[in-house]
Structure formats: structure tokens, C-alpha cells
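Dropping the structure in here first, questions after.
In order of appearance the chains are A, B and C, and numbering begins at 1 in each one.
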Amino acid sequence: MTTQVRTEPITVNLGPQHPSTHGVFRMRVTFDGEEIIDVEPIFGYLHRGSEKLAEERTYVQVVTLTDRMDYVGSMLNNQAYMLAVEKLAGVEPAPRGVWLRMIASELQRIASHLVAVGFLIQDLGAWGTPLIYTMREREKILDLFEMLCGARITNSYLRPGGVFMDAPEEFWPAMNEVLDELPPRIDDLDDLLTDNDIIFSRTKGVSILTPEQMIDASITGPMLRAAGVDWDLRHRDPYDYYDQVKFDRPLHTAGDNFARYWVRVQEMRESIKIIRQCEQLIEPGPIRPEHDDVPWLLRPPVGDAYAAIEHSKGELGFYLVSDGSISPYRCHVRAPSLINLTLLRDMLVGELLADMFVSFGSVDINMGEVDR
Amino acid sequence: MSKAWDGAKLAEAIHKSIPDVVVDANGTDIWIEPDSVLEVMRLLRDDAEFQFQLLSSVTAVDYISYFEIVYHLTSLTRNATAVIKSKTGFGRDEARIPSVVDIWRGADLQEREVWDLMGIIFEGHPNHKRIMLWEGFPGHPLRKDLATYEQSIVPEAERRVPSGVANEVEEGQG
Amino acid sequence: MNSTFLDNSLFRNIYCYLAGGSDGCASRGYDTAILPAGFEWLAFAITAFIIINIVINAGLGAVIVYIWGERRILGRIQNRTGPNRWGPFGMFTSVADAIKTLFKEDIVPDEADRWLFNLAPILMVFPVLMVLAVIPFGVGTFVVDINVGILFVIAVTSVSGISVVLASWASGNRISIFAGMRSVAMLISYEIPMALSLIGVLMLAGSMSLGAIVEAQDLPFILVQPLGLFVFLIAAQAETSRTPFDLIEAESELAAGYLNDYSSMKFGIFFLAEFLATIVASMLIVTLFLGGWRGWDPIPSQVWFAGKTVLVLLFIMWMRFSWPRLRVDQILVLAWKGLFELTLINIFVTAILIAIWPDPGMTELLIMSVINWIVFFISVWLVSKLLRPSDYSAPTPQPNRPAYPVATDELPDEVAYTGGATR
């Protein structure tokens, strides 16, 4: 005789206030025991209408809005926006400014990946130790930003055609010191985490996404490279002076949580290489075009422009439309964080509750950018 | 370095397979008929001549007299890009366009965002709900005619909320 | 009255001060008696009350110090200072926290089952305090030495599992229910290896009394019973739900698990019980495997005991702060496929060795420990080999083998736009 235990699925709201949602994000999850059978992401808790606000600000003022989209990748946001403005207005950037913003954005990429890796481990349940180690390294990078522009998180460092302030004398030795210290720290991270059996068995083979699935869903960045797709805009469509520097694109073929984590750790090393080369190639000169060429109140000709960069989270694009006035007529952000969440349901269904936030964290999203 | 399709050449290439859908071409951009979006996009993704596997971005611009939907496409295999635009909603009445979610799943959240903020209806979207704002928010904030909150309030009867959606979201509090 | 109580020096001093004329006291040289004859029961009650108070308060004090110590060490491990504002070295931080917790508003959710909701914290803290009663803290320093001490410990600690289920169910919170279900699965699974890992100790000591086990450890059982210690350490971590087994209150998944709806001192009691359980677990490890209070003169036995306990606590903290959490299925697999087998191997080998040397001297014990350590390494290596995911291998970077064709086909120049940069 068989006895049937009557079970029923249970629906739980996780978020918007939850320790692991990386901000204010809500998921309505239906569980069968511990197994996830349905997920519905609910966005918008951090929506500030940045795109609408941009329509009432001048082109330079919009920079501050971009800082606040992905607040762990401000420099990269600045860079994407500036590329779009330069394309729209036909500004020829000053070489030293471009080198400086490449250095700044690569430093920011390291900082952003450190946050992603640290919080992924935190989602796995570590008691904060690896997170604090990564945060310590990020702190040093933020100190460098403070030297560059006076701000740590919301930098607003870039201007059309370059940057607003040259790096001070003491920036270069300080940066070299940080870059010297980083590789051993990343090795430490590798020792503590990559070779850890618990992390390996928790992340290996969980939430596998195939390249075809991800390309269909417009997912870009480290997630795509973790599945073996060699698509990095810095390499495939070099903006700024990325065609003059040499770097590898770390690829992993598994496409699971571990691969996504691994690719990020390796990309930090590549970013260090890029910064070293930039430091060699940078030359004295003006940091932005003359004021007569590029006035503060920029009035680009009527038209539209789309510029995209390889953000630490994926392809970050700005689509700007100008009507010839001092502010954008339309400013659209192609936010990698939002679009990378397209496959959230596919990633989570069939996994366990414990892996849910690990998979979610491995996407590396930032609610400021998802909701804008 | 990625290369972009020249608008005129792209229009010509599309014309060979699907005649009379391209309205205009300029620079890298082409404008197509809104009704033919599904057909053209399927061609652009599947045809060996185009191979646009990745939909970079979907957005919309409010040009007062009409709305323009902008698709940025990327081909990974050919490292090429193209910009497809489509004008709809002349006279600011019902602006609608077929949804491309069936072709690229990446359009899912982006089209919801465009509906939410710009008020373009994507026909055939599997989950046509607001994404950033709450169900029942009056108006669509990125439209140029949205002035103030009070002015934008739409009478209950005229709100375009899919039936039952608003209540459904609030269920299941855990 | 059981005369073993009078072996307890603290008990003897108080009791015989009150009732010196009674049999046991007179034979031990006490003559003063405050209470008249016939009131031995009152003397017993007063003494027991005082002793219990001392032990419970010492336990709570130890928790306060332990929380402070853990936060300081966590700070050191994480490259920061830890609490250092309130009192010398921040020692009063936990006191301030305790006072703050007392003054918080006590909230009972509408959906909660009020009676069970209030009962759960009490059920949680009681067993832990009861275990304290049978632990010998030093020569003549114990509350009671019952002859089934180990059985008592195992029986009493299993109650805490029920309290977790009660708390999670009574909260009426769906997230807490997950914690309850997990606790049922995990706590019950780990009780079996925990109990079985002590069989070897029992066989060697020939007694279930904790006092007798300490007496029997001429050679600390860590040397003779490495496998038992290994299993007991892991199982005790799981029973006290410390990282990497903290999935009952997994912060990143369930917010606070079964504690979600508890506030004020009810939360405080849970918190206290959890930390006290860790201390008690390390005291048990010291008693059963590290020779208990035994040490060398002139350092008093109580200091030896405390020092060893701190060492074990440091080890547990180190584990806790370094590793991420295991998933629920992996934890159960570890209990049933790993630790359970290890305990059986341990019992088997120890039984054979005891059969060969029924009354081992020091030389025989040393031979036994060599054999046991060899068995320990081989069996742990074998079990870890079996439990590891079969596809375990170090990730190899494959930079030149993209799985998906990218930029294999150039866009012909005749259709490419030449008017400038486009992306």
C-alpha cells in the first residue's frame, strides 16, 4: 500500500527588502519544497526617471545622472555617455583625456568586478571575510578616484572630449602601488575561493546557460564570455584607444555560476595589463578640447547617435537624440543589468532555494541601473 | 572593428526578399513599415546575408506628431551592426507595433520598458505589463505631452491596464 | 541523598556549612551546623539553588564574553578593529547590546500562534543549560555527575530541534517555514553520527559518566579516537548550526530563518542559546577528547579546562569565518553518506582493538592511536573521494577555443557604411 503525502507549492515574496537582492528587487517565487518552480521578477523599486530627467539638463549636467545609474561603475557609465555625446556632436577628443578616461574606466572595472565577486561569495553564505577582502582592494581604487576628481563613488569625471581635471603628480606613484599590490591579492582570492571545494561544489553546474540562449536574450558581458563566446566590445569594436592596447579575453566554456565568477576574476588581471599599457602610452597634452571648440553648453546638430562600451556588466549603450538645443531630446540607456535579467526565470527554475541568490548574484546586476 | 550596414544597401537587400517594406534610408538607418516588423526582423536574423543574432537595444522616441521605434541590431558572426527604425502612432492615437519577443527574447524586458515609459503597445507580447512603474500609473512619463502629475491623470475607464493584472501583482504576499 | 554530591567541593562546602551533622559531612570532618537536624532537605534545596544559579550565570557571562571575543576575532580576521568603543577593548559592547535588546519592543505577529511562539525560545535555551549540569569543569567542580552522562547530553540536546520547528511554525511566516523544514532534516540527520561518534569513547572509557571519561584519559582521546573527534566536531557544528552548516538561519537566503519574526528578548534568548550551545559543544569536545580538566600542576584544573575550551572555540570560529555555506542536499549527503560511514568504521576498528587489549596500558594505547590515525587518514580520504562531485577538476582556461563562432564572416565592404564611426 502506498500512502500519498499531499503537498502543495508555496509562493513566497522575496524582496524588496531582503539581504541578498543587491538593492531593492522583488521576486515572487513559487517553491515545491526547496525547488523553484516559478519566478516572477518585479522591478521598479528604485526607478528615478533618469531618462526623463536627462531631457531637462544640459549635456554636461547629464553626467551626474549617469553616475547614479550603476553606482559601482560610475566611470564606465560616464565613458559610455561621453562616447555618445562625442558622436552626436562630432567632438574630436583630446588624446590625454582619452587615455585618462581609459585608465579610470579600467580601474572602475576592477572595482566593479571586486564587488561582484565579493558579494557572490557573500550570497554563498560566507561570513563576510572574502567580501571584506575584496572591499579593501576596492577602497584603494576609490582612493585613486578621489585623487583624480575628488569623488569616490559618483565621480562625474568625464567631460565631452576628455576629462575635467588632469591627474595630479602623486596619482601615478599611488596607482602603481595599487597595481603592484593587486595581483597578489587576486591570487589570494584564487587560493581562498577558486580552489575551495565548497564553492566549487556549490557553483559548478548550477544555472547553466548556453551561448545560443544568451545571445537570443541579448545577454552580453562576462556572462556571455563565461559560455565561451568571444564577444568583448573592447576587442571587437574598439572605442577610445582600445585598439592600441593588447589584452586577452578570458573565456570559460561552462556557462554556469562558477564560470561567471571565474571570468570576472581573470578579467581583473587583464584590466591591470591594460592600465599598465595606458600608463606607457599616455603623453602630456591638453586633457580636453579648447573651450571654443567644445563649449560647456554643447549644442549638437539635429540627429541621433548610439554608442556602446563594454561595461563590467555587459554592453552599456546610450542612445541620444538631439534637436539642436542644449539638452538631449531623448536619452535612452541600454542597461546591461536589466537586459541580463531577461533569462532569470530560465536560470532559476529547477534549482534550489539555496542556489537562487547565488545565480542571481552571478548575473552581477545593480538595481540603480536596472530601474534607473 | 565592427562595420555598420549602409542604410541604402540594407534597404536594397531587404527589398530583394520582401518588397516594398522599406520606407526610407539615410546613413546607417532604415525606416520600415510598422506592420512588417516581424517579417523583416525574422529575415534579418535568419538569412545568411544578415545574421543579426543579437538585438542590442529597443527604444522609442516621441517626435510629437509620431513615435519612432528604434532597433539596434548586432551580428556576432559578421561583427556588423544595423539600425532599423519604424514610425508609428501618427496623430498620437494608439501607437502600436508588433512585438519581436518571438524573434529575440532579449526584447522582452526592453519592450515592457518602452510600453511603460513611452506607451507604445507591443502586439503579441507575452507579458505586456508595466515594468518600472506600478500598474495604474496615469500616463507614460517619457511622452513629451506629460506635463504634471495631475494633468496626466487618465480617467479610470480610459486606462490601458490589461484586465486583472493590477490585482494579480498584489496577491501572494508572503 | 546520593553521596557523590559531596564529591563536589562547592556543594560540600555550602551543604555541610548548613547541615554539618549529617552522615556524609561528619565523616568528611565538618562539624558546624546552622540548620537543626532533620532539615537536611532544606540545606539540600538551598545548596542546589545556589549552585544552579552560579552555573547558569557563569554560562550567561561566558556567552557575553564569547560574543565580544568572537566579534574581536572576526574583526582581526577581516582586517578591521571590531568593537572597541565601550569599555576596555570594547568589552562592554555585548553588555550594551544585551541592555538594548531588553528594551526593544516585543512584537508578536498577528498570524503567529501566540502560545507556541512564546514557548519556543524557552524550549531552545533549556536543554543547553541542562547540558551544563553534567560537564565536569575541574577537580570537584561540577553540578552533578550522573552515570549516564553522555546519554543525557544526547537526549537533552535533541530537544532544541523541536524548538526550532516550533518557532518557525508558530511565526506564521512562509520564509520561516523553510527554516523549520531544513532544521528537521538537518538536526535529526546529524544526531545520528554525533551519537555514534561517541561509542568509541565509551568503549575506551568503559563508562557513560563524563567524570569517569575524563578520569580514563591518561592519553587524551584525540590521539586514540581521531575519527570520533572529527565526526563529533562536524556534527556539533551542524547541531549548533554554525557556518558552514548554518542553513537554518541562512542570512543570504532566508533573511534570519526561524528568527524572522522574533524581536526583543525573545530574539535575545535564541541568540543566547545559540552561542551557549557553541560553548557547550566545545566543552563537550574538551571533556570527551582533549582530556577535560586534566593538565599539569600548578595550574588549577579549571584553568586547564577553560583554556582548552577557548582553543576549541577559536578553531570553530576560524572555520565559521572562512567558509561559505553548504547546500541542504550536500549537507544531508555529508551526514548520511560520509559521517555515518566514518562512525561505523571507527566503532568497528575500536571494537577490534578493545577485543585485542581489553585493559590497555600506556604502550597499548599508543599502538592503538597509531593504528587509529592510519585508519583516520585512509577512511577520510576515501570518503572525501567518494563524496566529491565526480566531474571535479580544476577549471582550465581555454582562451583560443571559443564555443560560438564570432566574427568568422566579414561584412562585405560594398555594403558597409563609410560615413564614420557608427557604434
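The rule is short, and it goes like this: contacts are C-beta pairs under 8 Å (C-beta built on N, C-alpha and C of every residue); 3 or more make two chains touch, one makes a residue touch a chain.
Remember, predicted model here, so these are calculated numbers, not experimental data.
Of all chains displayed, A has the C-alpha centre closest to the centre of the whole protein C-alpha set. The pair with more inter-chain C-beta contacts, choosing from B-C and A-C, is A-C. For the pair chain A and chain B, the distance between mean C-alpha positions equals 25 Å. Chain B and chain C have Cα centroids lying 59 Å from one another.
The centroid of the Cα atoms in chain A and the matching centroid in chain C are 42 Å apart. Residue positions 11-12, 14, 215, 229, 231, 236-237, 306, 308 of chain A each touch two or more of the other chains.
Contact with two or more other chains is made by residues 174-175, 404, 406-407, 423 of chain C. In chain B, the residues that reach two or more other chains under the touch definition are 2, 76, 79, 174. For chain B in complex with chain C, the residues that touch the partner chain are 2-7, 9-10, 13, 27-28, 51, 75-81, 174. Across the complex, chain A is touched by residues 74, 77-80, 174-175, 177-178, 181-182, 243-244, 246-247, 250-255, 320-330, 388-389, 391-392, 394-395, 397-399, 401-404, 406-407, 421, 423 of chain C. Note for the complex: chain A touches chain C at residues 10-12, 14, 18-20, 31, 33-34, 87, 121-129, 132-133, 136, 192, 194-202, 204-205, 211-212, 215, 227-231, 233, 236-237, 239, 248-254, 258-259, 262, 266, 306-308, 352-357. Remark: chain C residues 173-175, 404-411, 413-419, 422-423 touch chain B in the complex. Those residues of chain B that touch chain A in the shared complex are 1-2, 53-57, 59, 61-62, 70, 72, 76, 79, 83, 104-110, 113, 117, 130-134, 141-142, 169, 172-174.
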